[in-house]
Amino acid sequence: MSAIRDRYDLAVIGAGPAGLAAATTAAGLGLDTALFDEQPAPGGQIYRAITETPLGERSVLGEDYWHGTTLVEPFRQSGAQYVPGATVWSVTREGEIGVSVAGAARLLRARHVILATGALERPFPIPGWTLPGVMTCGAAQILLKSSGLVAKGKVVLAGSGPLLWLIAAQYLRAGAEIAALLDTTPAANWTAALPHLPCFLASSYLAKGLTLIREVRRRIPVIGRVMSLAAIGRERVEGVAYRAFGDSERRIPADTLLLHQGVVPNINLSSAIGCAHRWDAAQLCFRPEVDDWGMSSLDGIAIAGDGAGISGALAAEQRGHLAGLDAARRLDKLDEEARDRAAAPHAAALARAERGRRFLDLLYRPAEGFRLPAPETLACRCEEVTARQVLDAIALGVQGPNQLKSFLRCGMGPCQGRLCGLTITELIAKARGLSPDVVGYYRLRPPVKPITLAELAALPHGEAAEKAVVRG
Amino acid sequence: MPFPPRFAAERVICGSAPPLMPSPDVIVIGGGLHGCSAALHLARRGVAVRVLEKDYSGRHASGVNAGGVRRLGRHYAEIPLSVASMELWHRIRDLVDDDCGFESHGQVKVAENETELELLARRVAEVRALGFTHEELIDRQALREVLPAVAEHCTGAIYCRADGAANPYRTTLAFRRAAGRAGADIVEGVRVTAVRREGAGWRVETANGTAHRAAVIVNCAGAWADRVAAGLGESAPIIPSAFMLMISNRLEPFIKPVVGAAGRPLSFKQFANGTVLIGGGYKGTLDRDANWTELDFRGLAESARTVWDLFPAMRGSQIVRAWAGIEARMPDDIPVIGPSATQDGAFHAFGFSGHGFQLGPISGAIIAELVTTGRTNLPIEPFRISRFAAAG
Amino acid sequence: MFRRASEAGARVSLSVDGTPIAASAGDSVAAALLAAGITVCRTTPVSGAPRAPYCMMGICFECLVTIDGVGSRQACLTRVRDGMRVETQQGKREAGR
């Protein structure tokens, strides 16, 4: 692997479908490009371990996953520099990037930056959600893809959304014992989603979705309209308590509980840079403001893929190509006309990939009861702050997420609000009768991931530091 | 799961909540620590006071500073104020009904060689000559008793044993709430855009189109105080600054006092929860109008190297977060406190960056005295705003 | 409480709190812990509550362990290596280690 240099035309952050596509396209057009990614191998999360999964039997993970292989070879041929195991902890609006590789931090510059850091699972704050043995469905998928590992013993899946059905099917094909799938999709969502059904029927998601659901329903108990959930256990999860609509509370033993209620954009980096974000009331999350090419509110910073708004892997790939084309135009490798011509097939593919998503968004919109924790449930896992503490502080006059952060330490742990930010904003919004857009979100600053004092101390001296000192 | 919204009985004034008092006597511009302290002391004297804060209390310098509560190392002009303020800190619960996270384990300014120690010795002698005894010189051995984790090469220090640290946001919030309970209106989210004479009093205009009137205004507008001063025809050459801070992961307790260094910028303390706060003189860049600060990692790297040299125990730690607030200092590094030099019924308290947190309790008391009696017992002559007036 | 659904790759040996475990080349440390039946990887610095990997993608910071003497490393982002020494973290990280 060649050494990391001080300057690049383009830095792409994240090696999922958007990042791979963006880097491939841009490098192919002559931009000196580097792709940084935290994982040791390309694919991001959706195509995790695509080049090295031990699960050779294609039918376990399914063909949608294997599509990821079509992204890797073109990237390797593109001439872009691939930097795996790289944690980007800072990006400035001037394109200065702070990155750590193998325990060493450095600063470098890029003329243009494309963030492709993707999505993360929406928090699912139920009682007991911090118990060992409670994980996200995404975590189970990663263990399966990367290491061929399947949960032993009784597995319970709970939540809402296509990924829940996908992991259920993958687990069954891999021989796991699933005790139940507890579906928390509210019945009312069907009514809201119905007007968008025609588009969904015309999309590719329908056939795949129905096949998956049928496969799963045939083989395991599926309980719908679940309205409350709790993980029970002392040192680890031992059972799951739930109540479905019209039924009394039930309890089932479980060794592993897998939770999922959708994914949301990972905004920590885009936020720390200072890009404008807004609340998306349909997807119930904050997302950066971007134009059709992924350009953010800041010149020189673009965002592609699920990190700009949840549209799925195929859409992310196309948005990556579009961002790569735009980067090439901005750095004078293409004129506008050539860019637009090259973009046309990608825009068409994007439209096809996005068809039917609105139906899915509305159908799988998570219930408020699962977005807002009960009083004694932890809202912030890192600092162990309960919903009750948050509400009490709001009543004392601590009115916004940043004030709460200073007052209660919620959001001050190492995850930097990734698992509590949305919960806190929605708790405040509900308590104060305001829209989440008005309430806002944590103010995020670099480093967006912790760096060691040793790494920081070893950063090169700069003249800026000398000028900035005030002896006191 | 049913969600019970909860609101306590306590009245909270924020933005456009309960109705404001009909006609305040005093309008305080800026609802940070100094503004809320002024409001509290004024309200306790029966004055009808309204605070206009453009963001929220503690949004800027007041809420995000290093939280040092020190008399150590003060500019000589500040010492009498600092000593008086420290007495208030040690009774802070009486003042604002909250302990503000104040802990008093002393402050230490460490010398790394003999030359630095000599300078510190000279300083202690001068302070004592002025009649103040809070600074003590301690030798290498005594330093190690107080600060066992400090690096071997340190030769001694100045020690103020009754100094300490508090939680800046919590303190600011406590002052805000206490001022509210004492009868002050604290209005947040309202930015003052102009201050105009209206008869014998003032008309204060805001960005949302409202106007407020009072006989007296107090300028506690921090990094924006020069604009308020300009409206009074006064020069206030503030230097907006974004001093950077960073905080570590939780570590086992290994240090009690707050630490500074004689020869390089450092503010270093460990909280009860185990996290370690590292600050100092390194600055980021800022945009006052966008409420935006940009960190400079090369400067943070210098801070990291200072910590590496002075506290070997920190070498395995992680930096979890960094930030820089928008503050302002004056060119001579002491604040502006006192009446306007050009207008009756106008007062100032700003320019505190690097040395304002500990002075918060007393600055409001001084302002309240000035507003209600026209004078104060504390020596504030060095802080007069007219020292910046253009000559001739 | 995880088992291999496919043949493991080349065998890697590492230790966890002094006890040797076997892992597969390509496993993350977090995956190796789970495959070895280790259900708790740390206790929290706030309350001492037991925690284990939650997201497996570097977001949740629950999988923090000490690896080869360096503390608070995300086990899900670190690949196993022969001879690696992993220690579970109990409560506050001790200064100076």
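Order of writing sets the labels: A, B and C. Residues in every chain begin at 1.
The rule is simple: a contact is a pair of C-beta atoms (placed from the backbone, for glycine too) under 8 Å apart; a residue touches a chain by one contact, two chains touch by 3 or more.
This is a predicted model, so every value here is computed, not measured.
Engineer: By the contact definition above, name the pair with the higher C-beta contact count: A-C or B-C.
Structural biologist: If we tally the contacting C-beta pairs, A-C comes out ahead.
Engineer: Report the chain ID whose CA centroid sits closest to the centroid of the full protein CA set.
Structural biologist: A
Engineer: So, what's the distance in Å between the C-alpha centres of chain B and chain A?
Structural biologist: Averaging C-alpha atoms per chain gives centres 39 Å apart.
Engineer: Would you mind pulling out the distance in Å between where the CA atoms of chain A average out and where those of chain C do?
Structural biologist: The mean C-alpha positions of chain A and chain C differ by 23 Å.
Engineer: Could you state the distance in Å from the CA-based centre of chain B to that of chain C?
Structural biologist: Comparing mean C-alpha positions, chain C is 44 Å from chain B.
Engineer: Multi-chain contacts only, two chains or more: what residues does chain A have there?
Structural biologist: Within chain A, residues 413-414, 450, 452 contact more than one other chain.
Engineer: Return the residues of chain C touching two or more other chains; collapse runs of consecutive numbers into ranges.
Structural biologist: 46, 70, 72
Engineer: Identify all positions of chain B at which a residue touches two or more other chains, and write them in rising order.
Structural biologist: 249, 273, 314-318
Engineer: Write out the stretch or stretches of chain B touching chain C in their complex.
Structural biologist: Listed in rising order, the residues of chain B that touch chain C are 149, 249-252, 254, 273-274, 312-318.
Engineer: For chain C, which residues are in contact with chain B within the complex?
Structural biologist: The contact residues of chain C facing chain B are 45-46, 70-72, 92-97.
Engineer: Please output the residues of chain C touching chain A within their complex, sorted ascending.
Structural biologist: 1-9, 24, 26-28, 31, 34-35, 39-40, 44, 46-47, 49-62, 64, 70, 72, 76-77, 79
Engineer: Would you pull the chain A residues touching chain C in the complex into a rising list?
Structural biologist: Contacts found on chain A: 38-40, 45, 49, 52, 54-57, 60, 87, 103, 120-121, 130-136, 138-139, 142-144, 146-153, 174-175, 235-236, 255-256, 266, 381-384, 413-415, 418-419, 449-450, 452.
Engineer: Which residues of chain B touch chain A in their complex?
Structural biologist: Listed in rising order, the residues of chain B that touch chain A are 1-8, 10, 12, 14, 56, 58-59, 63, 73, 169-170, 173, 176-177, 241, 243, 248-249, 264-265, 273, 281-284, 292, 294-302, 304-305, 307-308, 314-323, 333, 354.
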